[in-house]
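Single-structure report; data block below.
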Amino acid sequence: MQIEVNNVTYTYNKKRFDEFEALKGISLKIDKGEFVALVGKTGSGKSTLIQTFNGLILPTSGYVKVDDFIVTGDKKLKRQLLKKESKEVQILNKKKAYLLRKKVGMVFQFPEYQLFADTILKDVMFGPLNFKVEENLAKEKSINALKSVGIDESYFERNPFELSGGEKRRVAIAGILASEPDILILDEPTAGLDPNGKKEIMNLIKDIHKEGKTIILVTHDMDVVMDYVDKIFVLNDGKLLEETTPNILFNKENILDYSLEIPTFYKFKNLLKKYGFCKDLSKINEFNELIDIICEDKND
Amino acid sequence: MTNIFGKYTQYNTIIHKCDPRIKILGLILIMVICFLPYGSNYMNQLAILAVLGVVIVSLMIIAKINFLDFFKSLKVMWFMVIFLLIINVFIPYGNNEHVMISFSNGYTLYWEGVLNTFMVVFRLILMIALTMILTSTTTPMDITYGFEWYLSPLKIFKFPTQVVAMTISLALRFIPTLLEQANRIMKAQKSRGVDYNRGFLSKKIKSITTLIVPLLVSCFSISDDLSLAMEARGYDPYGKRSRYRILKFSIYDLVSILFFIILLGAFIYLSVITNHYGVNIIETLFPLTEGVTF
Amino acid sequence: MNEALKVKNLCFNYDENKETLVNLSFEVKKGDYVTLIGHNGSGKSTLAKLLTYLITPSSGEIYVNDLLLNEENIGKIRRTLGIVFQNPDNQFIGSTVEDDIAFGLENRNIPLNDMQKLVKEYSKKVNMENYLKKEPSELSGGQKQRVAIAGILALNLKIIIFDEATSMLDPEGVEDIKHLINEMREKDPELTFISITHDIEEAYLSDYCIILNKGRIYKEGKPNEIFNEIDDIKRIGLDVPFVLKIKNALKEKNIFINDDIKTIEDLAKNICK
């Protein structure tokens, strides 16, 4: 088990007039090398949850365990855990936070906003240098990362602000990859991109996954979920509704209750059902199969 | 995301309902009251300021101000307190008479110095409380409109009050946006291993640039978008514009004006009798303490 | 005067050696819903800025309601044409919903009483009447775009340009805005919508579609016609709309579906008939 979320709650602005409980007791597990997605409508707690994975947010109660790190803000629980768990387990504190953040790479929504250095290479090297990687090695890793996201060597000394939106985003992702994290978390990596840009980024993420990294995706884009993800966690109102796979999820009868945007293909299938299509569609997951079954129906 | 003076809270108290112009006037008047001279007797000064303190605390209670927030905002005062102590205590002046501690190397601490510092700090705390009452019961926009109203006489001299008010209100409008942006950038950089709280000065400066540069970039992009949007919607800074928000006085405002006038009158009276005529209020009110002087 | 918008030989370049838009000519009929699609960098957004005179063309002319777009006429033209931008937050000028709707009205020097009526009326039209006192930070992206639309409608503008107005919204917000556009068009057939987008599904539902590629018009016409030239569409990396994909696949198997059917809802109904 690489990530274990144990009954995590989180409250923003505790004990204030605008107190808001974003997570209401979530438990889930993610294995090494999995490609998972967290889905749910805006405000369901997805973004809050992923920030507990690298200790940017400490759970109000419950804990998150990432390998042998325990992330929690609950002091009582901390003391209990310290007694019980074996010595290899470490409770996250401010000094150790960077060790966890090296392990868990986090790409925020619109990551192009985090660029700051005067050359692309320097910006990408920033992460590894913070994680105390030696200068030469950091450079080597950064060059590899940039190449893997498809940024040409001739760009390395250029100013990141000269790039187009899609290129900036790839540089920003390279900035996380250069630290060689085991787990990569991406918050809405395809937001605001055109269809081509979307495909490029998602194929890049797929390649990273093939290298054996765990990928956690937060997204609204169900087409992306459909095409790339193995496992889905559906969140709603700070709670985990369901752990499932794309095919099962989108074929569910009550999918509309989840207030998710369904891929057009499944929307169409649901509409066919609604208007009384005679054949059984539940096993149809391919475009061609659907066409065949419609033809069959028409010819009958 | 609270700033030093607390942010607007949506309650519906009498103070919330007051006209911002009255509140600004009231704020200034009570600040003046704070700094009126109340004679040379420290006990008298303390007593008068304590009364003022009670008035302000009751205003805070009426305005439903979170006292926890208030104490948090006082944290930034530590530097001031120490600074004032050093000035008042270690640089003796005037009629210091009552020795507190005498150091062997000739330095002497006087009670007067300590008390003076205390008085100034107490006044500053009252001022912070007052500002907090204003900012947490009035939307930034209303405060802007209030100030604009006070600036309106300057129009005679062709001073563009409208433009200034628009600039301020836009700045205020985008503070939450920029704070959110800053928060997001900080989290992103933290994920890349930046530690904003630790490290030496040189390292800290470097950390801060990783926040400032992206923030500036997004500032420019916001102002770009904003100016396009304003232009597309027909904004002309020097053209004739009507106003959607018009401030109107209500019955609460009359009551508060009366309240401020009485308050001001009372404290001016106190100031005059204590400062000018040297009346000792405590002795006058409580003859028991006669003969006990400080 | 049937055209809401006429563009003649429009050219634009940001710097001398790079042409962003080359010799564009097209017309938009009154009351139509026209989509301009293309990839990032195809010149779409530059075109939007040109249409609202936020930048001026290098050469060529734009006519809005037969009025040439220039410094002299811009005041008049801004009284017929509005634009909704991509970033919902950065175009929210007022401190609350009502202030933002009123901003354009204030610029027109409309008296307070009328303004209050208009704000109420148009906030209702976009279903934001219960949010009048809310600040932008309390609203979702879709709600902010609704407010922007209300601000334009309150000014009684008849031509509305959407510059990728839904690209930064979540799916709920996108549906919300699409729904609102349909509603508006039903209520007021005189409204002309020009939507700049990369959503081919949206383009397929429009009355007329113009595909931009590398600053030139690649194709224009009725969506059914232009998207049917599948090879051409795929060549520039665009996808074929879902409904059309199904229609074409069925056509190969000798099942024909009427051209009028454009939404998946109608398609499903038709198949089940």
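Some points to look at:
Labels for the chains are A, B and C, by order of writing; each one numbers its residues from 1.
Basically, a contact is a pair of C-beta atoms (placed from the backbone, for glycine too) under 8 Å apart; a residue touches a chain by one contact, two chains touch by 3 or more.
Everything numeric in this text was worked out from a predicted model, so none of it was measured.
Looking at B-C alongside A-B, one finds more C-beta pairs in contact between the chains of B-C.
Among the chains present, the centre nearest to the common Cα mean is that of A.
Rounded to whole angstrom units, the spacing between the C-alpha centres of subunit A and subunit C is 32. Rounded to a whole number, the gap between the C-alpha centres of subunit B and subunit C is 47 angstrom.
Per-chain CA centroids place subunit A at a distance of 44 Å from subunit B. The set of subunit B residues that touch two or more partner chains is empty. Interface residues of subunit A, counted against subunit C in their complex, comprise 41-42, 164-166, 191-197, 220-222, 259-261, 264-265, 267-268, 271-272, 274-277, 287-288, 290-291, 294-295, 297-298. Residues 15-17, 51, 54, 56, 94, 97-98, 101-102, 104-106, 108-109, 111, 113-116, 126-127, 130-131, 161, 175-176, 179 of subunit A touch subunit B in their complex. Looking at the complex, you find that subunit C touches subunit B at residues 49, 52, 54, 75, 78-79, 82-83, 85, 87, 89-96, 98-99, 102-112, 115-116, 119, 135-137, 151, 155. Interface residues of subunit B, counted against subunit A in their complex, comprise 9-10, 66, 68, 181, 184-185, 187-195, 197-198, 209-210, 213-214, 217-218. Across the complex, subunit B meets subunit C through its residues 139-141, 169-170, 172-173, 176-177, 180, 221-222, 225-226, 228-236, 239-246.
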